[in-house]
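Okay, here's the structure, questions in a sec.
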């Protein structure tokens, strides 16, 4: 099966800040889609987060974007700027897709 | 630690269609397993999906399959045929495992 | 955008055993963080698991760790030893990050 | 007018408005999805069970048949005027128009629930079997929608897809639960009600309030969706409930329903599905845009019915009944 | 017979059958997992609390001790005949047989809850401390199961694993909640009941209905699991509850329980755990196949007890009590 | 003393202790997050709605204004002594101290709810508008916290961030729900209460119990957090509620609140937010350590208030009222 190389961006970000990241993605005409997954918790420079019945202030999500190398670079830079000192990480890796027009 | 190359397939698909994908996987004797994760939402050619109290018709999931290169190719083709015009994407990437007999 | 190579470990493990894995990660001074995601179900050598209202004994989670090659090797070995005959898989793959000090 | 105001000032409608407001100011108020869905199941179970218990108490259950047939007919036929209106007023593609039409032939359970709560607050009685009508109206419209979508094309569905769709229609969760709880009510009657009363009856208003709060949040989120929708679609979303309600009123009167029953049948006809039909459409017409029909049904027609339609339909029924 | 029919036609059992039906026709009806688990916690809390309150009202709490010991003994010993039957009737491996035996020594809280609801509907009273018996019967069977599994091997568990397991047994969520709510009921007595009555008592039947609806869906999903199971296992799943119930009946009579208490102890002995034990077995015997024991406990024994067993055990107790 | 014991032996507090115990022994007891959050929304809605209904029944709603202003002032000013104490007692950075101070100026809704339940059990009445005070006390403290954090730096927030923060403060979910349900209670009055009574009133104690069970589990998990915290922070977490309560008592007396109202205002002042403020702080001061303030508010001050503070503040109010 013939496949095509794309890049996969994964952004771990606070749920309350996710809308801003999604806005950024939705404004970029070359980003054709994204997928958001819930996290159960995490640890990083801002401490440990575990499921917290009392408040959703610490909830995080993963946002997955599959796109071309060039767009991925651009989005990665923009997201990192948006996050600035906020919580969050951005990961970049290789991926192959079968329907190149889709991404 | 000695590792072995395998392929990782990720399939984003509507929850109501997931059973068909899992059936396909379960019928393939060389697929040793899969993992299904929930999505909070997504965007693609069929518009934006966000958590929707009223109906689960738009819910999506991610199905992860780790398997050999050859099986991954075969499964990818079969899943794409199954999805046809339905919603969904299929991603293929590299992965290494420690216990080769497991996958 | 300048990026740096790291490794990504993904550990699928029973939720009841997740705390032991997280403890292991938290005791390693070179692991700077982790992210935990919920699973909806899975299949492997110990059979099929699907959402089960009655009991959470079969629930699984994915634990994601981004770290350097050396640490990833060490953690992978330790986790596999911890899991021993228990349910679970460990996946290793490549990833790039923008802020190397973070991982 | 008085009734309209009383409706607007009832706790359930105020909760809906509160949700709407919270959504519009983009508050982070959020009812967990798992809980919202459980509340929907509760509402479905309650109206089904109460309907069954009521029917068990009446002397002649055969009176149920004519209204059932009429209701199924309404669901089958209402997509036709809906489709016509859409082709007239909007530039929606044939497929999108057919999908939307199917939503409007079917019904919104929450709108029905709000209408029963409105009637009860005014002491107006209605037939116990109305809940069964809700169930039979849910799915026939899907067939008409499909026929409308296919009418342009030669190619038919392949056999596997047809089987899947039939299954989706017959085994749809809300239909199964509604009919099932109706049957349980019928079988257990007053004794069953005695055991479940604290949950299905006393708790009903409170649960409805929380559920409508969530509906308000969802509707507000849909608003951004129909900014891009065009005036034609908006107009359709307000006109079609009137067309549906008028048809439902006449049908209810003809088949001999009570005042309350007629107002409920009008409300059902005026309402548009956002549970059973979206699911079936994803399967049958995957290329139809799901957010278009959801935005219309949820963002335009649902609030219209809840805030204005229900008292209007009751007033019209009152006028019809002299 | 009459009681059996009344049982089948009670709202909780009908809800279970509805869930079963929905599952068998592969309906997409689904109770969100988070909610189903919360309902289970509610049921556990309610029976614990009500048991505690009842005990607080009785004159002599020391009467509790002999039944407690007997109950713990039942849980410890019932895995033995279960293991024997399994080795006789099936080809399950030693480890799998031991794991299944542990499930059958322990108890199913929902079966217990359904039995109390059945007794209450018939006006049959039972001892308040029965809830405490549920708690003490949950875990001893795990030990026997382990001994049976190890009996073949020389190697023992390492120290860390043993510590983990002990912890899992003692700090198991359902045991902690059941004993804790029992203690709260005991401490707060009638005054506590006055405050919590609308939730723990009035709401009970309704919540039980929703929970059993979900159980029906789960059991139906298990059906595919035991197509591959073999007749021997199926037979075991139907025979073992009879063996357990008979033992429980005799034990209840000997230790002086009332008619209702004896029927409940029989039900407990007849039932198989699918909450506490599966969790412990994942830790203790990770190589045992978890879907095998769950399919048996949930897919065969639970519906048997719910639909037929409970009225049968009551009838047998009635006969025993002359 | 008697009241303190009665408090400790009430079902809600016992449920909290049960959760605490389960957490400390690392039981796997777990209330699903989605359900815990829904219960929190229920509690907020209930106290808002009941407050509004009560206010609708009183003759002079203008009496509301002075207490409202005083409450807002308390929230604005209490972060100052908190910040001072923190700088004195601990080595927390300026930013961390400012963030913690904001939490203590704001309020804990669950502490408030527990206090009303405590008063009701003792038959002590309080003003219906107290629920509105809870709402106005939630957010002013955030502003003071920010000023304290910035006082050291020259750089101000950029415009976008400031807009975001203002929005977070005004559109915070719990504030919107509390004020909204208060308004709904005010608008629908006794008639609204008649419809919602079974849910918002009868169910209240039971829901509070389950919610506090979960709080106990969360607090226990926080314990590990403050092992590393240092005695200074612990001391602050116990001292600051006393300072807050004393201020609140005097303010309540001065502005003419009843005995019950004064005790509640003291409780509010003594309590620390873990819903609204943490969310705002993540946005405003992302570099402040969120687990530090949560561990203090949830792990130290909340249990102190729940177990000892509330009866203490009532006793002090009683003494003040002579």
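Per-chain residue numbering starts at 1, and chain names A, B, C, D, E and F are given in the order in which the chains are listed.
Quick note on the criterion: contacts are C-beta pairs under 8 Å (C-beta built on N, C-alpha and C of every residue); 3 or more make two chains touch, one makes a residue touch a chain.
Predicted, not measured: the structure shown is a model, and the values here were computed from it.
Touch-path distance (fewest steps) from subunit D to subunit F is 1.
Two copies of one chain, subunit B and subunit C, form a contact in which under half of the residue numbers belong to both partners. Relative to subunit A, the most remote chain by averaged C-alpha coordinates is E. Centroids built from CA atoms put subunit D at 45 Å from subunit C.
Distance between chain centres (mean CA atoms), subunit A to subunit C: 19 Å.
Rounded to whole angstrom units, the spacing between the C-alpha centres of subunit A and subunit F is 35.
Residue positions of subunit D with contacts to 2 or more other chains are 28, 30-35, 37, 198, 202-203, 279. Counting only residues that touch two or more partner chains, subunit B has 16, 37-38, 48, 56, 93-94.
Within the complex formed with subunit F, the subunit E residues making contact are 32-35, 37-38, 41-42, 45, 167-168, 170-174, 176-177, 180-181, 183-184, 187-188, 192, 195-196, 198-200, 202-203, 279. Of all residues in subunit B, only 14, 16-17, 46-48, 50-58, 85-87 touch subunit D in the complex they form. On the side of subunit D, the complex with subunit B involves touching residues 31, 33, 36-37, 40, 110, 214-215, 217-218, 221, 274-275, 278-279, 281-283, 286-287, 289-291, 294, 298.
For subunit E in complex with subunit D, the residues that touch the partner chain are 9-11, 14-15, 18, 21-22, 25-35, 121, 198, 202-203, 205-207, 209-210.
Within the complex, the subunit B residues that touch subunit C are 1, 3, 8, 22, 25-26, 32-38, 61, 66, 93-99, 102-103.
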